[in-house]
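Two complexes, one shared chain (subunit A), two partners (subunit B, subunit C).
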Partner chain A sequence: MLTIAAREFNALFRSPLAWIIAAILQIFFAWYFLSTLEQYILIQDKLALQDHPPGITAFVTFRYLAPCSALLLIICPLLTMRSYADEYRQGTFTLLRTAPVSNSAIVMGKFFGVYAFVALLLCLALLMPLCLVYITNVDFATLLWSLAGLLAVAALCTSAGMLFSSLTRHTLVAAIASSTLLIILWVIGKHAVSSPVIQQALGTLATSSHLGSFFQGLVSSRDIVYFVLLTSLFIGLTMIRVNNLGWQGSQGR
Partner chain B sequence: MNHHQPLNQQPGGPTEPKRPDHRLRRTQQWLANITGVLLTLVIASLLYLSHRWPAEADISATNRHSLSEQSVRTVSSFDQAIRVTAVLGPDATQRQAVKKLVAQYSKHNPRLQLEFINPETSPARVRELDANPGGELIISTGDADLYREKRLQSLSERSFTGALTQLSRNANRQVVFVTGHDERTTQRQTNGDFAELAARLTQLGLVTREISLVTNPVIPEDTDLLVIAAPRKPYFPGEVATLLNYVSTGGNILWLIDEQHDVGLKALSAELGIEPLPGVLLDASSKSYGAENPTFAVIDHSNLPDHPVNRTLGNPLLLPAATALNLTPLAGQSSRPLFFSSEQSWTESGPVAGAVRFDENTTEQRGPLLLGIALQRQVQTLQPREQRIAVIGDADWLANQWIGNGANLEYAQRLFNWLAADDAQLSFATATPEDAFINPASRTILVMGGGFLFGLPLIFLIIAAMLWRQQRNG
Partner chain C sequence: METLLSAELLTRWEGDRCIAHDVSLSLRRGEVLGLLGLNGAGKSTTLNMLAGVLTPGSGTVTIAGHALHGNAGESRKARRHLGYLPETPPLYMDMKVDAYLNYCGRLQGLRGKALKQAKQAALEDCQLLSMQKRIIRNLSKGYRQRLGIAQALIHRPDVILLDEPSSGLDPQQMIDMRELIIRLAQHHAIVFSTHLLSEATAVCSKICVIHEGRVIHQQELSRHSDETITSSTVRLSGNPTAHELMNLPGVINASTGIDGCWHLDVQAKLHHQLLAAILEKGWLVTEFGPRKQALEELFTSLVNDGRVEQNLERSAPREQTFTDQTIAAGHSSSGCYDSSDITSLANEDAPTLMLERESP
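For the complex of A and B:
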């Protein structure tokens, strides 16, 4: 599994495109971070008057890191779209399946390969809030928990991207379909529905409603469980898909 | 779950595998679909269970998501049931906010119960409660004979704890307004009067009433605060004696002064060491707040010295036609300024018309000038306590017409609470995080900004170019 993960990670790490994405992301992160910082400096006097006022850490995690997590809805599918679809097209998936590893190891290996790369990208976003230690006493617990939030969204988006990549041989279709699903999942509970039961169910399913706690220094069991379960669901469905291909493939020989 | 052909097979190719047995393949497909559905169902049930029994922990440095110590103390002190009736539409976000706040309190006192009433589906119930259909939180406690309630239109920990504090007291505080000298009255709705103020004070648990010093030569003992609201007709000597007696025996007093009227209260002035300066206060800085003429004194943060009443005030205070005060420090009392006028203000002795400006070498005085002052004295009775007195050089700021402007209402509520010795309502404070202040002049921010915005992306682009060249060559 580690070999597959390393192979996947290296493939991304050696692609110029990934580095260009990283450069563009970094410009965006830096610009967004600095404007959030400026906004805080402008209103810090007023914020201090509130009950339970936020410090710069809480302000930055909520106003900068939380919106940044929405970028993952696009970036993860772009990074995962080739994971299976490309192998199907080039015929290398048959080769991979003949290797002495189980199907679940293939799925997990591919998942962790891309996930490690996304985690590195996320560290870029976190680098700037971390540098606040040079100017103030940063609230590390809140900052690290918001990194956990980013990693949770990344895991969900990567696993969803993987599932769609395993369903088709067209990379672009995989990326668009997974992004669409993730965006729908993100906004699903935002609109008022007449039935409170449905509203609650949609709210439970919505990704955005499970993010707040991570970026405000609040550990919430329901939010952790949400990300663990949905990521497991997508990985599980990918495994079933790959197994099914395996059976059909072996039957075919 | 899927109905694809195996994607890795190249149909029609030279190594085309044998077609699998049709039935077996269908069974396997069916099995995969069933497993997929089962997995989804298991995940959905687990998701439901996790929402049914949630658990939370606050790890922020200042426990931002937990109640302040005072709130916990207040709610824990109740040994009767507390009923919270939220008259609120079906909006899920609003209801969630109420639920979340109330849940924080009920964690510390399980006797607190929350009930929602939707004004759209239960209009009769809303009428019966005489609730504001736009949304209201009714917090009540006690049985039929000892029933007490507080109503909140804005929801915050501060307001909720404030309401609980008032409910926990058995008796309301008595605020008595002196009448009979053409003062501002709590009974009338006209622009210059105090009906709105009285209504707002009642919400705080401060009951207002008026007395005449002619018919009451002794001020009632249950008076927590006596208000002299800018009299325009002179006091009789006997009335002044009553006032002086009240002050010397330790009564709390709020004196609102309008300079234009000499009402025979010089003796009270001398007793407190405070006298009004002649002329009306003009403030050139009020223009920047959109005031039409300079008779408005605008008091912002910079003119509010440290005092329990002044803490956490957001907007500026607006005082129409104020009078500056002069303080003579007296032995036996400590005096602390409440607020000053701005540096661009002065006391105008001439008529306020046309181009007015500060005239040197006259009785006019340049700002900042004292407009409000708080006095404290130790009273040696059976139970030693503190006497609290405030003198403000304006009455209009509390009048129906002006109380809603700026922070006037909020300030009035804080001032009355302090004067009625209700410190519990003033001491509400939450922790300020250590990273609350960022120095905008910090050079580190500039270096950091430059490095992250230009340096790092440039390094990434160079790596990308190198990789691209490497791949092209190799």
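For the complex of A and C:
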């Protein structure tokens, strides 16, 4: 499994797409972080008048890290789209299928390979707030738990991207399909529905509704379970797909 | 010798089309099996099923005593003894040759020193030493093909499956490839598919002809020249008759071949006497040598037989007359098919095809 994960991880460093994504992401992080700081300085006077004014950490996590998590809905599918689809197309998946490795090792290896890369990108996002250490007190616990939240969303997005990549030979189809699913999951609870039961059910299903606790520094088992369950579901479906590949004629459509 | 690979009654359907029908094979250590067939005959499908890439609808594949399509553990054990080169070599274009072979070795469970040695041996066997640091994308087709083969044998598996290993190779590389296969065959069991009949004759100990997803012929080939009867091609001036030739020393059978030559079945070690007798008769000899095309003729006649049978099935109402014609054609004086009777064969070069089936 480690061999497969290492290859997947290294392959991303050899691909121009991954470097471009990393670069754009970095520009975005820097710009967004600076504008968040700017905002904080502007409204600092007004905040000081409140009974419990939010500290710089809370302000930064909500205004800076939370929007970053939404970016993962597009970035993860772009990074995972080649994982299976490209291997089907190049015929290299045969190498994995004929090697004495289990299908679960293939699926988990590929997942962790890409996930490690996404985690690395997210750590870069965290470096920006960390530079505040020099000028003010930073709440490390909140910041790290926010990173955990981002990693949870990343796991969900990566596993969904993997599933769609394993379903098709076309990388772009995989990316678009998984992005669409993730965006729908993200916004599903935000629209008013006449029945309160359905509204509540959709709200529970929505990814965005489970992130708040992470950014507030709260440990909510309900939200953790949500991410673990959905990620496992997508990984499980990918395993079923890979198990059944032998039945299909041309390895994916 | 132990049986390393055995496939029983492999069948696979895709939609309502049967692309492999009751394919059975078995192979012992030291044997080389050549899969022959036209394009789309089902060679690659069969190899894919033998390699575990495709799951057969029914039937079993056993490699070194483990069921390939059985439970996950058994299947993994079976794959430990398997090396496979698919039709398109499974190469990661962005990797270097060296790194790629390291990856393949690790997938096969090789580590450390064992991996280094295995990689070195594979690079030497496939003459890739000078290419180690090159990126695969920049390799020529021949080198890519060789790297594909290196990948299949890096862990020295008992069973090696090669799907058209010589495609894209130049003539010298083809000869090297044959030598490599013959060398590997001493300790492994090898199955390979090919269009090149000369290649099959050169390296195979067994051939298996597949047509329309069915095995229509299996035969052991002898690579040694110690047979009691050998078939020779002779070209003579002076128009001798078959009867005259049959009376020459050592000749057991004489038949006409392509463009006026004769195919003679001659008893071993009597060739020089035969040649002397021919020269004594005053006939001028322009060609005298072993009959190289025996396999080609066998193959073409088998495949054409398959087509005739299909046509029979399709034109069921005329079955009786058609069959009669076919039989008449089969028994024509020279023992050749006469294509003029069979419209479907009109475009083939069937008139001069000899029938050389095992059962008359």
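Assume the second predicted complex is superposed on the first by the 244 of 253 C-alpha atoms of A that agree within 3 Å, B and C clash if a C-alpha of one lies under 4 Å from a C-alpha of the other, contacts with A are read in each partner's own complex, and residues count from 1 in each chain.
Please note the rule applied: a residue touches a chain if its C-beta (ideal position, glycine included) is under 8 Å from a C-beta of that chain, and two chains touch if they have at least 3 such contacts.
In this text, all values refer to a predicted model and were calculated from it rather than measured experimentally.
Engineer: So, does A:Q39 touch the first partner subunit B, the second partner subunit C, both, or neither?
Structural biologist: Neither subunit B nor subunit C is touched by A:Q39.
Engineer: Using the touch criterion from the header, give the chain among subunit B and subunit C with more contacted residues in subunit A.
Structural biologist: The partner with more contacted residues on subunit A is B.
Engineer: Applying the touch criterion given at the start, work out whether A:S208 contacts subunit B, subunit C, both or neither, answering first, second, both or neither.
Structural biologist: A:S208 contacts neither subunit B nor subunit C.
Engineer: Have a look at where A:R14 lands relative to subunit B and subunit C in the superposition and call it first, second, both or neither.
Structural biologist: After superposing on A, A:R14 lies in contact with both subunit B and subunit C.
Engineer: For A:T98, decide between first (touching subunit B), second (touching subunit C), both and neither.
Structural biologist: A:T98 sits against subunit C, while subunit B stays out of touch.
Engineer: So subunit A touches subunit B in one structure and subunit C in the other; where do those two contact lists coincide?
Structural biologist: Residues 14-15, 91, 93-94, 97, 247, 249, which sit in both footprints.
Engineer: Which bits of subunit A are touching subunit B when the two form their complex?
Structural biologist: Interface residues on the subunit A side: 14-17, 19-20, 22-24, 26-27, 29-31, 33-34, 37, 40-41, 44-49, 51-58, 87-88, 91, 93-94, 97, 124, 127-128, 131-132, 134-139, 141-142, 145, 167-169, 192, 196, 199-200, 203-205, 213, 216-222, 225-226, 229-230, 232-233, 236-237, 240-241, 243-245, 247-249, 251-253.
Engineer: Residues of subunit A touching subunit C in their complex?
Structural biologist: Going by the criterion above, the answer is residues 3-4, 7, 11, 14-15, 90-103, 246-247, 249.
Engineer: Residue numbers of subunit C touching subunit A in their complex, please.
Structural biologist: Residue list for subunit C touching subunit A: 14, 51-55, 69, 72, 76-77, 79-80, 82-84, 86-95, 103-104, 106-109, 151.
Engineer: Would you tell me which residues of subunit B are touching subunit A in their complex?
Structural biologist: 1-2, 4, 6-10, 17-21, 24-25, 28-29, 32, 35-36, 39-40, 43, 46-48, 50-51, 53-62, 64-65, 68, 90-92, 156-158, 301, 312-314, 428, 430-440, 442, 444-445, 448-449, 452-453, 456-458, 460-461, 463-465, 467-468, 471
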